[in-house]
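Going by the order they are written in, the chains are A, B, C and D; count residues from 1 in each one.
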Amino acid sequence: MSTPRPTEVPAHLREAVDAAKERVAALHAELPRWELVVWTAGNVSERVRDDQGHDLLVIKPSGVSYDDITPDAMVVCDLDGNLVEGERAPSSDTAAHAYVYAHMPEVGGVVHTHSTYATAWAARGEEIPCVLTMMADEFGGPIPVGPFAIIGDDSIGRGIVETLRGSRSKAVLMKNHGPFTIGKDAKSAVKAAVLCEEVARAVHISRQLGEPVPIEQQYVDSLYDRYQNVYGQR
Amino acid sequence: MSTPRPTEVPAHLREAVDAAKERVAALHAELPRWELVVWTAGNVSERVRDDQGHDLLVIKPSGVSYDDITPDAMVVCDLDGNLVEGERAPSSDTAAHAYVYAHMPEVGGVVHTHSTYATAWAARGEEIPCVLTMMADEFGGPIPVGPFAIIGDDSIGRGIVETLRGSRSKAVLMKNHGPFTIGKDAKSAVKAAVLCEEVARAVHISRQLGEPVPIEQQYVDSLYDRYQNVYGQR
Amino acid sequence: MSTPRPTEVPAHLREAVDAAKERVAALHAELPRWELVVWTAGNVSERVRDDQGHDLLVIKPSGVSYDDITPDAMVVCDLDGNLVEGERAPSSDTAAHAYVYAHMPEVGGVVHTHSTYATAWAARGEEIPCVLTMMADEFGGPIPVGPFAIIGDDSIGRGIVETLRGSRSKAVLMKNHGPFTIGKDAKSAVKAAVLCEEVARAVHISRQLGEPVPIEQQYVDSLYDRYQNVYGQR
Amino acid sequence: MSTPRPTEVPAHLREAVDAAKERVAALHAELPRWELVVWTAGNVSERVRDDQGHDLLVIKPSGVSYDDITPDAMVVCDLDGNLVEGERAPSSDTAAHAYVYAHMPEVGGVVHTHSTYATAWAARGEEIPCVLTMMADEFGGPIPVGPFAIIGDDSIGRGIVETLRGSRSKAVLMKNHGPFTIGKDAKSAVKAAVLCEEVARAVHISRQLGEPVPIEQQYVDSLYDRYQNVYGQR
């Protein structure tokens, strides 16, 4: 990673960083709203960069209550996970977020939760099969499992990147741990986290009483294509 | 369909359309309230027509957050799914709603959700058996499964209509997709969506530990008849 | 039943009836709060009587939204289920409530819900075994199943009374239908409804992965005795 | 126990006791917020002591609604469970809390709930295996089961202490009853109660469709060590 190591937020990125702090703080409220997290678990980050090689991320501090999340409380780090701005230690998952941004230039937002049903699949190390149209729409196929990895070095980030590079999925279930999701921005990654839990739950419940019917690959492809290109407001 | 193709809402239907926008916007709040939807999924529509062949529907725009739903944000379409009024693209499920109105003249409201338990039955392609008095009351028997259908043409609408025409049920579980419900107006269709999920959940949970006891057909019939004709305020 | 048939609330019971309307309206809010009901399902009643043979019940009207429940909206019936005061039709379950009051003089409150897990046991016609101290405390043993009964005559009320007379339980699971609970007043019956669903859920979940350990009868007895006589504020 | 038996709160502990009442009252709101309790069940306590042998606990009164919990309503007891200050009877679980403080000097907070999934494991008398990194972080291994014990003497407290002394876990599942958790203060014990239910739920759901993958002991150890020493704000 050859990005310049800023010791502070460059002046020309101030406005973009502050806007990202607003968005990231507000998006954290979506995690308890959709019941994806308990206590202080879970985190959302968003990337802020320019075309001169500055590349930063905005993320929640470590171990902070969802009631205490404000834009000012957010911290800024570089893509090695070093603190650039903020009064508190960054989330203990910052290294994983930073690794994803450093190695997936198309990613603008990352979310990590321990949402219950997704985590339950992750504990068995089992991918979620694509048996719902909502899943084909959003994830374009199964939601894959990433390796078991320990917090504290690059191994979580590496596991996420290696798993998602070979997949259309915006979500990966890190084994024995929980889901990470990516998106073009933080909002898109939060949406993927919400839908990941929803399909993890619905497919789990479906399988409790029998085998869900698979969707033929041609239909998975056409649903994914339509949803990525047509859905929503243009 | 030989309804006149309006390019705008006819003046004499203005008041009725605005009242429907109010109702439809307010009823959308029932979907997250009863946990039938996540993120922007799900939609409610209501029909507005006159006796001169004008036949319109009011529905939510595509990909809009439940926090941003106001009467003014609602859009109006004709029964071919063409936008008649509104600044945003209509819900991507509009064609299905329109098809139902065009082919079931008794229907005044349509709701679509991906509610979890109903979707879990839909993923197995399995109808929900009638083992609860609440189910006999509201649905008059099992909740049937409709065919797998791709978004983008008439196939979802056709699947709904073909399945519900041969049934007393106000709900159909579209295979690998989720439930659609109908009613005499939007509120009645929302109620059917709420009760569809509730019976999907209760019957699922009951079957996890054994076989629920069926209700004899004569009792299903008498419960349905009483509920449709006696219950509630007259 | 030889209670005098009032055509209106006797003047000397006016204050007591109004106080009961306040309590019953407020207690209805506990049903959605603890997720025991959806839409307009469920109802709470409380008895108001004197020592001259007047015996009335206050209950929610039929098919009314939980948002529209106010003390003034509550209705008053006699123990034959006839409307004594109120502008709307009483709950369609009023006959069952009235039958319980008429045949169980110690009962001062009745609650009916379709709470999910209790209803799931009811659909299998299976009693909930006493494997939790909380259950021994509140119900003094298993929660029994009552017969299948059709709405519209005395059969639901009869089924409740026959089942609860031979039991320490304040709750009965009416087959294919849902739970009814009783108490010394409406609050006590609501508490029993909340705890009935909680133990129905916990015991169901416990049994999904094996057999819960039964509690020996002597301990059930001592827990029940202590809780009924010592717990709470005196 | 040779602590002086105060008949009132000593003057030099007044400020500390009042601060604890504030914290304990506020922390009770976390129990319904994270759906760990229904009705009046559950309780939080915090220890207040000095170095002269005064040792007190602040706890919720018995049978009081979560809506009525204020700092002033909290009661103060000594470590034999005797009431020292307060207008209402202390929680019926006070003896168990007091026993824990009396025998585990490192404990500053205790929480008891009947949270659903933890109680479901407790009803089977089965420990929760350590198959999630979140569980290794917080509990350092499996969550153990304590003995069946009757309310009313020391047996619950003894069961908690005997089970937790041989474990890194901050939570114990009392058989047929529910979880008790400990912490350095009341907030830490509430956090353990929240995470205990979350891992009880996720591991339960995971096991419904197969066997979760165990985490190797060396990784459990390194996760636990990191989390206890590095996580959060310093």
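Note that in this section a contact is a pair of C-beta atoms (placed from the backbone, for glycine too) under 8 Å apart; a residue touches a chain by one contact, two chains touch by 3 or more.
Only a predicted model underlies this, so the values are computations on that prediction, with no experimental measurement involved.
Call it same or different for chain B and chain C: same when shared residue numbers make up over half of all numbers used at their interface.
different
Which chain lies the greatest distance away from chain A when centres are computed from Cα atoms alone?
C
Through what angle, between 0 and 180°, must chain A be rotated so its C-alpha atoms fit those of chain D, rounded to a multiple of 5?
For the C-alpha superposition of chain A onto chain D, the angle is 90 degrees.
Mind checking the centre-to-centre distance between chain A and chain B? Centres are C-alpha means, answer in whole Å.
About 33 Å, centre to centre.
Measure off the straight-line distance from the CA centroid of chain A to the CA centroid of chain C, and report it in whole Å.
46
Multi-chain contacts only, two chains or more: what residues does chain D have there?
In chain D, the residues touching two or more other chains are 208.
If each chain is a node and each touching pair an edge, is that a line, ring, star, complete or other?
Drawn as a graph, the chains make one closed cycle, so a ring.
Let me make sure I understand the interfaces: which chain pairs count as touching?
Every pair of chains meeting the touch criterion: A-B, A-D, B-C, C-D.
What residues of chain C sit close enough to touch chain D in their complex?
By the definition above, chain C touches chain D via 34, 131-134, 191, 194-195, 198, 201-203, 205-206, 208-213, 215, 219, 222-223, 226, 230-234.
Quick check on the complex: what are the chain B residues that touch chain A?
38-39, 41, 61-64, 88-89, 92, 114, 116-117, 119-121, 123-126, 148, 150-152, 175-178, 204, 207-208
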